[in-house]
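Each chain carries a letter (A, B, C, D, E and F) given by its place in the written order, and its residues are counted from 1.
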Amino acid sequence: MTDRADGRRPDQLRPVTLERGFQTNAEGSCLVTFGGTRVLCSASFTVGVPRWKKGSGEGWVTAEYAMLPRATNTRNDRESVRGKIGGRTMEISRLIGRSLRAVVDVKALGENTIVLDCDVIDADGGTRTAAITGAYVALADAIAWGRANGAIAAGARPLTGSVSAISVGIIDGTPMLDLPYVEDVRAETDMNVVMTGDGGFVEVQGTAEGKPFSKAELDALLELATLGNLELAELQRKALEG
Amino acid sequence: MTDRADGRRPDQLRPVTLERGFQTNAEGSCLVTFGGTRVLCSASFTVGVPRWKKGSGEGWVTAEYAMLPRATNTRNDRESVRGKIGGRTMEISRLIGRSLRAVVDVKALGENTIVLDCDVIDADGGTRTAAITGAYVALADAIAWGRANGAIAAGARPLTGSVSAISVGIIDGTPMLDLPYVEDVRAETDMNVVMTGDGGFVEVQGTAEGKPFSKAELDALLELATLGNLELAELQRKALEG
Amino acid sequence: MTDRADGRRPDQLRPVTLERGFQTNAEGSCLVTFGGTRVLCSASFTVGVPRWKKGSGEGWVTAEYAMLPRATNTRNDRESVRGKIGGRTMEISRLIGRSLRAVVDVKALGENTIVLDCDVIDADGGTRTAAITGAYVALADAIAWGRANGAIAAGARPLTGSVSAISVGIIDGTPMLDLPYVEDVRAETDMNVVMTGDGGFVEVQGTAEGKPFSKAELDALLELATLGNLELAELQRKALEG
Amino acid sequence: MTDRADGRRPDQLRPVTLERGFQTNAEGSCLVTFGGTRVLCSASFTVGVPRWKKGSGEGWVTAEYAMLPRATNTRNDRESVRGKIGGRTMEISRLIGRSLRAVVDVKALGENTIVLDCDVIDADGGTRTAAITGAYVALADAIAWGRANGAIAAGARPLTGSVSAISVGIIDGTPMLDLPYVEDVRAETDMNVVMTGDGGFVEVQGTAEGKPFSKAELDALLELATLGNLELAELQRKALEG
Amino acid sequence: MTDRADGRRPDQLRPVTLERGFQTNAEGSCLVTFGGTRVLCSASFTVGVPRWKKGSGEGWVTAEYAMLPRATNTRNDRESVRGKIGGRTMEISRLIGRSLRAVVDVKALGENTIVLDCDVIDADGGTRTAAITGAYVALADAIAWGRANGAIAAGARPLTGSVSAISVGIIDGTPMLDLPYVEDVRAETDMNVVMTGDGGFVEVQGTAEGKPFSKAELDALLELATLGNLELAELQRKALEG
Amino acid sequence: MTDRADGRRPDQLRPVTLERGFQTNAEGSCLVTFGGTRVLCSASFTVGVPRWKKGSGEGWVTAEYAMLPRATNTRNDRESVRGKIGGRTMEISRLIGRSLRAVVDVKALGENTIVLDCDVIDADGGTRTAAITGAYVALADAIAWGRANGAIAAGARPLTGSVSAISVGIIDGTPMLDLPYVEDVRAETDMNVVMTGDGGFVEVQGTAEGKPFSKAELDALLELATLGNLELAELQRKALEG
């Protein structure tokens, strides 16, 4: 069996923290840590919806992901300076948005918009899964703010559950949970799994980095991911109680 | 059981055609049809690699996906006119590139570059899966061109296998293969599965559009996709023999 | 007298085909072939006009020209990827738009918009003239669609005639009709002539590539172009009857 | 016969002035006036050529046309602020560049680059023809500068002749020379004619604004344009002697 | 004491001219000269305000600064061609806008917009200070136009005073007024001072180019700038009387 | 005398903290707090310089400033999404760069590049002054890293001193130090003062927001700013000792 550089068991998450209220002005905000990965997730609540949603009685939830220039080992140019957003950034922003919408009842939200900003402060693998996990906490706080401020009807329940995400991968033949950067680059297969708090699959994205993977490998990875997501759901629940 | 508008069985592909040599100038070219979806896939072979690959002894394979403005029911503005490429376009371009690289041995390709252009002429669901399936045929022809023209060493085998892709989804509780647009918009779960000709998984992307999906549903979808991809691999083999 | 590589007489067109209905979703569509040049022309009919035309009682007709990346002998980067549209592309788009508007009575069209998309599949000289010639066929079909669907009044005649275009040039002192790429690069003078079906001039664009040309040369070129355009008008008429 | 608002005969130019040396730093510079139209043309001479010309032994001449925001009756947004260059601007820049290259022997110029900047200060019709006419004067001065400073060989003759341009049009059935804005918008046919000083045609661009034009009308317009251009050539000659 | 290349005393302005009405179409226009620096300033008056000012009863004044490509010793690429506006350009545009708004009572202006375009024809140091000084003259004429044309109420006084600007700097220890380019590049400290005609400070921007400057040096520079601005205010007054 | 909302004396700074090492990967990093304003400043050290500096023996220091979308009371769109950088952002980035270069001996730095990224987490007035103050700490740590890692010669002293910045303004006639947002919007005159640790002026930028200011007011503001900057210099010194 492969040993992990940080001494974890294959089915063990990195230390996870969820610090609410990190950014002062946002209606919901959470600094999420998955080991050496840190993402600042903030939720901006606005009364009203984009033009194409007006009059629908439904709300809108969307997300934007970005990296600070020095989140990584060497500095990356800002996408604002390059004048365009890269494919990876867009892909992750879209994934976060879809994942959160999976637990939002837009009818119950009413004609309100919530934008999730996920800015990576330190990147050490799993930034997209940390972002989804932290963004859920910010979203829950923004919805609570909306209810407290009368923008959401008293009896409405815009959240249908919780959502979290974790990465899994196969390294030297062993399925492992929550890969840091050093493991991520070595993984033969890499998968991100987004799940609801009650164990339903929201998004499964598996990619063979080297040789194709088998159904048996896929099954093993999904099992690990399910364990990890249940643990994250519990940590989200506790953070929101605190 | 749900009936399909076009009378197919749930596990049946739409009529598939692979017309080689459609675009005159390209080293490899294939007009692929999945029912009402038509994609022109062309492979451009260039001796040499991008700067960051120079001296590596390895080749490079990449892809660009786009829609003609009137591929869809109503006209879409050109991305060149808007001045930027949308997230969906980038995401699909990246998926096609990764999928094809999964069957290319870049060492055997040598310092050559192959760009796959996948332009959708008619869009009726499954454009990305048709694009991957057709692009493989164009890629195989471009590699044959490279060998015939001495750019690839005589004994080199840059292709490690074939690759194809198919969409699957759950509609009214029934898993179905190869969704046209009318089914795609109704699907509760939507999955694109990229596989090698010998049944290995290259990429699995499943998304819950409505409620989360279960492991059992995931398994049923993967089984359908495996059948579809094996059939596509056979059609690719025949087209390349022709 | 100069011999032509393809054996044509100086006053002879390349083989021309006009295939209607090529793109499924468009209200009018025509794949036009001038020898080795192939352009997909589609007309999108929309009820309503841009803001600056609202309330005028007049319609609007415009065009966009583009090349698929591998229409040419070596691949061209996509203008969407470069993030801006080149001068040549804009110039040709504007020429196609003006040419078609020359045969449209915008009052009779009513407040409807028709956008002509001309995408070059294979480029072998004369792409702009093929585009104008094919776009007219697509336009005629889109107007027929508008009338059949009640968007254009029953008695209205939005088309005042037909329009086509052909290139002419002087090679080694001999005026020649319909230049393929190999002739185009050698031409001392290059001219594109857009004409109505009844022989009126819509646009004449002549350029000395090497030494200036004389009035006598101009006259000889216009005479050739007139012959070519009359032949194209006849082919358009037949295609629209078919 | 139609009277002209400014009292000119149909075959009469507006007052033309060519003021050399207007912009201090340029190697050649000319403020050209055609009646109410004023264009500042400057030629920048640089030793060396763009990368794609290096080692060819040939020089390069190119042009950029632009309007100051308040050259026109109402203010136009800057193209730098809009972030892209319009089709009309590109089309005219390309026309000016081609027109000047028609009288330059790039071999004799040697590996030097001349960029012509044509900035419209006041626009009252004919800005492109004034720009070509003034740019020639700036070009001639820049070439003289190149010779005086040893960048061009003593015996080399990079200029093969002079070049000028004028607009002509048909108004109420009468062919007229050098249209100001008020006439330009009324013209049924509008033509720009670029000629060498010895009466050769460099570029002929005729456009039917309303109904198509006949060969007889085209001939009448070309005759007028020839007269106008010969007069401009004489004014250029005098300005360069001064 | 340091001698100046052009023979001026340290506290002496370069020759200044203010030529009104240079650009024909603008409501106000002034070609300003500070020695070898020439800037064309034009004011465009439009009835109405941007959306975010509608209904406020207040007007809006803004400015755009740009350099013609050959204003400088070597040619600069156009910002429209580069597709973005540089930081220096934006910074100066913002400074000119703020400076002019300092002497405008937007309530008295009413819901009208004035855009100041400052295009540098020749750059020899002090382009931003010349631009502010010339733009004031164009602004005053545009406001007079607004009153004469009934867009500004008869008794309204939108101008609360005049505004001008001048550069000062320390060269070899000596404070000097109105630096041309050759002095500007040698200055240890460089300051631009914008003042009203009655001696109030509107903007003070001082930058240490080499070593930091002291309070005493700052005081000496401000004293020089005050003298220069009073002289400019007098020249503006005379120009507007003319 | 005016009371301050937060109970401070007019000459009192807000609570200032300087937390080193906030961002894991950067060679120098400092989270700076000025009351409710928080800016993450990180310094990226790279061996080598931009092309235009190669072979000069000199290093290069530059800065980029940006706001996280929810740093402010309502969300701002990302500049990467808008596709261009605003004038305010560019202006502040340039100011920070100039301010830090004022204390760097680029010869002593050698051919190394340091980029300062200043990302505003919470904005409550004075973000640019906090950024300069924090960036100095990050810069000092990056230079120490360069020396420790052999990229800077052992005896070299690239830092010639420290630099900090503070805002001052006049509110209801009273000069005040370090304005939070609520005071900033009310200030009649607003000034940012950048100083070295030994009391030299690096940059003085004063702007009259309402009526012009007098020399006496300017003097009072500079006196306050000098006090504030000396205090900041002391806090920087302590932070770097820690």
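By our rule, a residue touches a chain if its C-beta (ideal position, glycine included) is under 8 Å from a C-beta of that chain, and two chains touch if they have at least 3 such contacts.
Quick caveat: nothing in here was measured; it's all calculated off a predicted structure.
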item: Between chain B and chain D, the fewest steps along chains that touch one another; value: 2
item: Far-end chain from chain F, centres as C-alpha averages; value: C
item: Intercentroid distance (Cα basis), chain C paired with chain B, Å; value: 33
item: Centroid spacing, where centroids are CA-atom means, of chain C and chain F in whole angstrom; value: 59
item: Chain A and chain E: spacing of chain centres that average the CA atoms, whole Å; value: 51
item: Residues of chain B touching at least two other chains; value: 83-84
item: Chain-level touch network, classified as line, ring, star, complete or other; value: ring
item: Chain order, ring traversed from chain D with chain E following; value: D, E, F, A, B, C
item: Residues of chain E that touch chain F when the two form their complex; value: 84, 86-88, 90-91, 93-94, 98, 102, 191, 195-196, 200-208, 211-215, 218, 222
item: List of chain A residues in touch with chain F within their complex; value: 23-26, 29, 36, 38, 40, 42, 44, 46, 64, 66, 68-75, 78-81, 83-85, 89, 115, 117, 119, 121-124
